[in-house]
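To start, the structure under review is shown below, and the notes come after it.
So that you can tell them apart, the chains are marked A, B, C and D in the order they are listed, and the count of residues begins at 1 in each.
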Amino acid sequence: MADFYEKLGNIDRRIIFVLIALAVIIPIIFGMVFPNPVGAEPSRDLFNYVDSLPEGSNVLISFDYDPSTMPELQPMAEAIVLHLFQKNINIVGMALWPQGASLGQDAMSSMADSLGKVQFEDWCNLGYKTGGGVMIVRLGSSMSAVFPTDRDDVLWSEIPMLRGITSLESFSLIISLSAGDPGIIAWVMMAGDRFGVPIGGGCTAVSAPTLYTYLQTGQMVGMLGGLKGAADYETLVGITGGQAVRGMAPQSIAHIVIMLFIIIGNVAYLSQRKKGGAK
Amino acid sequence: MKNFSVFTVFLLLFTVGSSLAESTDLPESVVTEAAEESRVSKVVDLEASDTPEDAGGSVSLTWLMEIDGIVPDSLGVMRSDPSGEEVLITTLPWGTLMYNDQSVANGTEYSYWIVSYLGGNIEAASDRAEAVSSAQWIYRGRIGMLILLSLMAAIIIYYIESGKKGKKLYIREIAGLAAVEDAVGRATEMGKPVLYVPGIADMDDIQTIASIVILGRVARKTAEYGTSLLVPTSRSIVMSVAQEVVKEGYIQAGRPDAYNKENIQYLTDDQFGYAAGVDGIMIREKPAAIFLLGTFYAESLILAETGRSVGAIQIAGTAMPSQIPFFVAACDYTLIGEELFAASAYLSREPKLLGSLKGQDAAKLFFMILIVVGVIAATVGDYWSPLKSVAEFLRRLVTVN
Amino acid sequence: MNWEILGIWLGALVTLCLYSFLYRDNPFYKFAEHLFVGMSAGYWVIYTIENVLIPNWWLKMFPAEGGFNWVWLIPGIFALFMLARIVPKIAGLSRLSLGMIVGVGAGLSMVSFFQTNAMAQVKGTIFSVATGSAWDVFSSLVLVVGVVSGLVYFFFSKAHTGLFGKTANVGITILMVAFGASFGYTIMARISLLIGRCQFLLEDWLPTIPRLLGIGG
Amino acid sequence: MRLIIPLAITFTAGMLMILNFFIPHQPFRFLGENLQEWYLIVASGSIFLGVMNLMHVHFRKIKLKLKNWKYSPVTIIGFLLMLVTGLIYGVTELKPFDYLFMNMVAPMGATMFSLLAFFVASAAFRAFRASNWRATLLLTSAFLVMLGQVPVGAMIWDKIPLAKVWLMSIPNTAGQRAVMIGAAMGVVSTSLRMIFGIERSWLGGAD
């Protein structure tokens, strides 16, 4: 028996390799989708916060990313936009990254088309503006002075939904989908801390750990981290078979395989040690 | 009609040249009035100031746009100097909110204003703003850092000097470094080579520099033991330096004949191409000891796992926080962060180097005290405000702008 | 000849050759590895010429608007000194260039590490721990104690015994928890890379096989 | 003696880089910025040293028929292929150089990178054993974070994702900070030793 555990503890690593490969290949081939329950985590906090906003409030979404981080951030954008539209909340889009404006346009217009939402009444896209944090401070005093027109040069005064909006304080929530700098941190420090507007956001998995501290201190109301965060929001909003949820299937199986191996390794190790076989 | 002719004059002047010397006699109020009539948005709240903390020769402009009005095509930044000469510095796309004028002389007062173009005509102009450019001798936001850095440097140099004077200095055991001798010895017994990977960064990276210094000590040991030492590098300069220090190590060990230049080779600058090449060397040469010291990125685990699979003793070390966990998991010994920089002192036992370690400790102690005092001050400061300013002061001290 | 399909096939073949390494060293891996080293070295030479030497040096020495900037002779001379290593007699000249490189590197690292690694991190740790719920207070304390005791672990000139040793032990423990968490967190990103390669093989490459055999068209 | 000039250069260059960080005034600004550019040029120019070494090693292998010499021509041909296509056609898109890069060099890099998916698994299997309480903590914290990353975690207990967030934001931040602050001390000390010529073994032997 001890011999068995010893063998188990020293499994040829190629067996692990094969199982990892299968864990990724099989879900891709069969297009598997797994249930994705969402625990008590920052993604649920963000969802709950958005869900509790009254109908007709205004939310600013800043699309602070570019195509290289689309796999993680675009599903977030689509799920959040869908949620806001379902709740009849007005969306004002903008971008701190040049290419973010058109990525945001894609997310908003595709969702608006399917839900019958009207541009300039339910949503609009102010476009990209350079300046990062400095520019955000200016938005705090006057939105229209920074964005006299929207992305397509339609005048601020000609957009009906903007009539009640003067500064950042007109928004019930600011959501930054951020791939780096400038992004969430700039919004938290310039808009959240200075003007007291609640900040939520989504970011890549890589940068999530550095942003968790802002959740701890309450400077952010909630956050989506990486593919898992995107999948969470898709699930909470009720998108079935969404892009991020589908990506979670190979991830889940691969993680389970690795965790099983860790358990096997420890079972083998502890049994050996009990019998005095371990070094 | 009068306004129209004024604009024509402007247009002509602009298309012919950038100088507007002749237009100075045009009353500015006319232009402003015109803007109101035609209702083209003009620039408001124009502010001009010396660009702070630079070498001079630069003025920063910021402004906002008027909202109700026709959107202009573009904006023109205008400037006049004390002689009254007016120039168009640049035209900017409409919607821009800031500009840095880098073409000014220090100490001269300039006056700026911004005009709005529509259909090639100037349709509106902003109020004027004045600024003088100057150069500064210090970044004010970095004074705190300058003080702390000088303090640290002074502490370290003090201890280096006292080390030189022969003051006896203790150094604790560092497991990974204590194992260097064993690792080289084992390779000798097994008749297998030692592989030394100095990371993928270039010679300007301080971790590479630290690694090269350690390589010199390791080379001396392999020379003493008569074991071959393989050093594949991913940078040309690192290869050259590695050749020098290994040769020197062999000379110091009295075995210059055993030095083989061919063992220190360049592979490729490519991160993963290098990883593929080193993996190949590991699997074919089957080294008994592998050193992975320096700057590593994602390739850290590719190298460490392959090294593990050939059964080598592995001693790794890096200051990259993201890669340390992988080394800890896959290697026998890992030098964590600062331990990498302590290695050369530990291995050589030179008093002046040991002194510098002592200096580092003193500096760490200083920062620990700073943190503890800061946290206490901030916490108590919530209830007793005088301490709050202490915490604020400490935070400002460590803030760098 | 369909260049696009050929490209997919080249990519797929080298991918499979490199993956064969997971089984064991074999001629396919040896081939791909040698090819990769050679091709990437060639790539970086061209890249360096096109993206550094021409724009950052040659065009600055001989600007497009004509003229000659002698200042840029200096780095050229330093680079030549470095290349002097090829000729044993004057190989010593390379030390001059090395001196400059190491000097620039040391000076730059000193300020940048001190700024981002020391100052910014110390600043982040100076905060009031008495805010929020009891759990938040506990968390803040763990953070501060973790940083301070972690630093104690790095002390070299004092034996890790007694209270000092206990604190250092707390430090290394927190470090271990941190390393575990960081390892576990990174796995997802690594699996994503494999998903990307599998998608290439399964969705880009595999469908070309029936096309090449004339089945799907 | 022959070390004096290189060490003087190191000192000057190092001090200039430090002063440039604190003093915006000329000539420090100009010198500081230029030195960085110069460094880049010297480092880039040196790439020829490396590739000459690479070619030398492989031609020598072929000549002496050393172990695995049959693969050396692959490296040489691969190198020349990129060099020649790059020199003749340039680096613009849809040219042979770009084609070879996009279809061969880039996929090979991505494949090597993706090997990590396998290696994190085998390293985790082997390293995460509860051999003592510290190793057990390492193991537990890795395991919890992994669970929190995928839906299974929340299925078991909905607080597990929260535990992941806590581990990443508190102990992980603390550990990283300690490593970073400590490393900064090491860097400052090492840099000082270089700039002041206290450590000079990197220059090789010449005294």
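Going forward, a residue touches a chain if its C-beta (ideal position, glycine included) is under 8 Å from a C-beta of that chain, and two chains touch if they have at least 3 such contacts.
Treat the numbers as computed from the prediction; the structure is a model and nothing was measured.
Undergrad: Going by the average position of its CA atoms, which chain sits the greatest distance from subunit D?
TA: Max centre-to-centre separation from subunit D belongs to A.
Undergrad: Does B-C or A-B have the larger number of C-beta pairs in contact?
TA: B-C
Undergrad: Counting in whole Å, what is the centre-to-centre distance of subunit B and subunit D, each centre being its mean C-alpha position?
TA: Between these chains, centre-to-centre, one finds 15 Å.
Undergrad: Just how far, in Å, is the C-alpha centre of subunit B from the one of subunit A?
TA: Centre separation, subunit A to subunit B: 29 Å.
Undergrad: Report the inter-centroid distance (CA atoms only) between subunit A and subunit C in whole Å.
TA: So the centroids are 26 Å from each other.
Undergrad: For subunit B, what residues touch not just one other chain but two or more?
TA: Residues 145, 149, 152, 202-204, 206, 209, 237, 240-241, 267-270, 272-273, 276, 284, 321, 324, 326, 328-329, 336-338, 342, 357, 360, 364, 367 of subunit B each touch two or more of the other chains.
Undergrad: Quick check on subunit C: which residues sit in contact with 2+ other chains?
TA: 18, 21-22, 30, 32, 34, 36-41, 43-44, 48, 82, 85, 98, 101-102, 104-106, 108-111, 113-114, 118, 122, 124-125, 131, 139, 144, 147, 151, 154, 175-176, 178-180, 182-183, 185-188, 191, 194 - these are the residues of subunit C that touch more than one other chain.
Undergrad: Give the residues of subunit A touching no fewer than two other chains, as numbers and ranges.
TA: 13, 17, 20-21, 24, 209, 213, 216, 228, 251, 254-255, 258 - these are the residues of subunit A that touch more than one other chain.
Undergrad: Mind listing the subunit D positions that touch subunit C in their complex?
TA: 2-3, 5-18, 21, 34-52, 54, 68, 71-72, 74-83, 86-87, 90-91, 97, 99-105, 107-118, 120, 124, 128, 134-135, 137-146, 149-150, 164, 166-185, 187-188, 190-192, 194-195, 202-204, 206
Undergrad: Within their complex, state which residues of subunit D touch subunit A.
TA: 117-118, 120-122, 124-126, 128-131, 139, 142-143, 146-155, 157-162, 164-165, 168-170, 172-173
Undergrad: Could you please specify the touching residues of subunit A with respect to subunit C in the complex?
TA: So the residues of subunit A touching subunit C come out as 14, 17, 20-21, 24-25, 28-29, 71, 205-206, 209, 213, 216-218, 226-228, 247, 250-251, 254-255, 258.
Undergrad: Under the definition above, what is the set of subunit D residues touching subunit B in their complex?
TA: 21-26, 29-30, 39, 43, 46-51, 53-54, 57, 60, 67-68, 105, 108-109, 112-113, 115-116, 119-120, 122-124, 126-128, 138, 176, 179-183, 185-194, 196, 198-199, 201-205
Undergrad: Once bound in the complex, which stretches of subunit A touch subunit B?
TA: Residues in contact with subunit B: 13, 129-131, 134-135, 138, 142, 144-146, 148-149, 153, 155-157.
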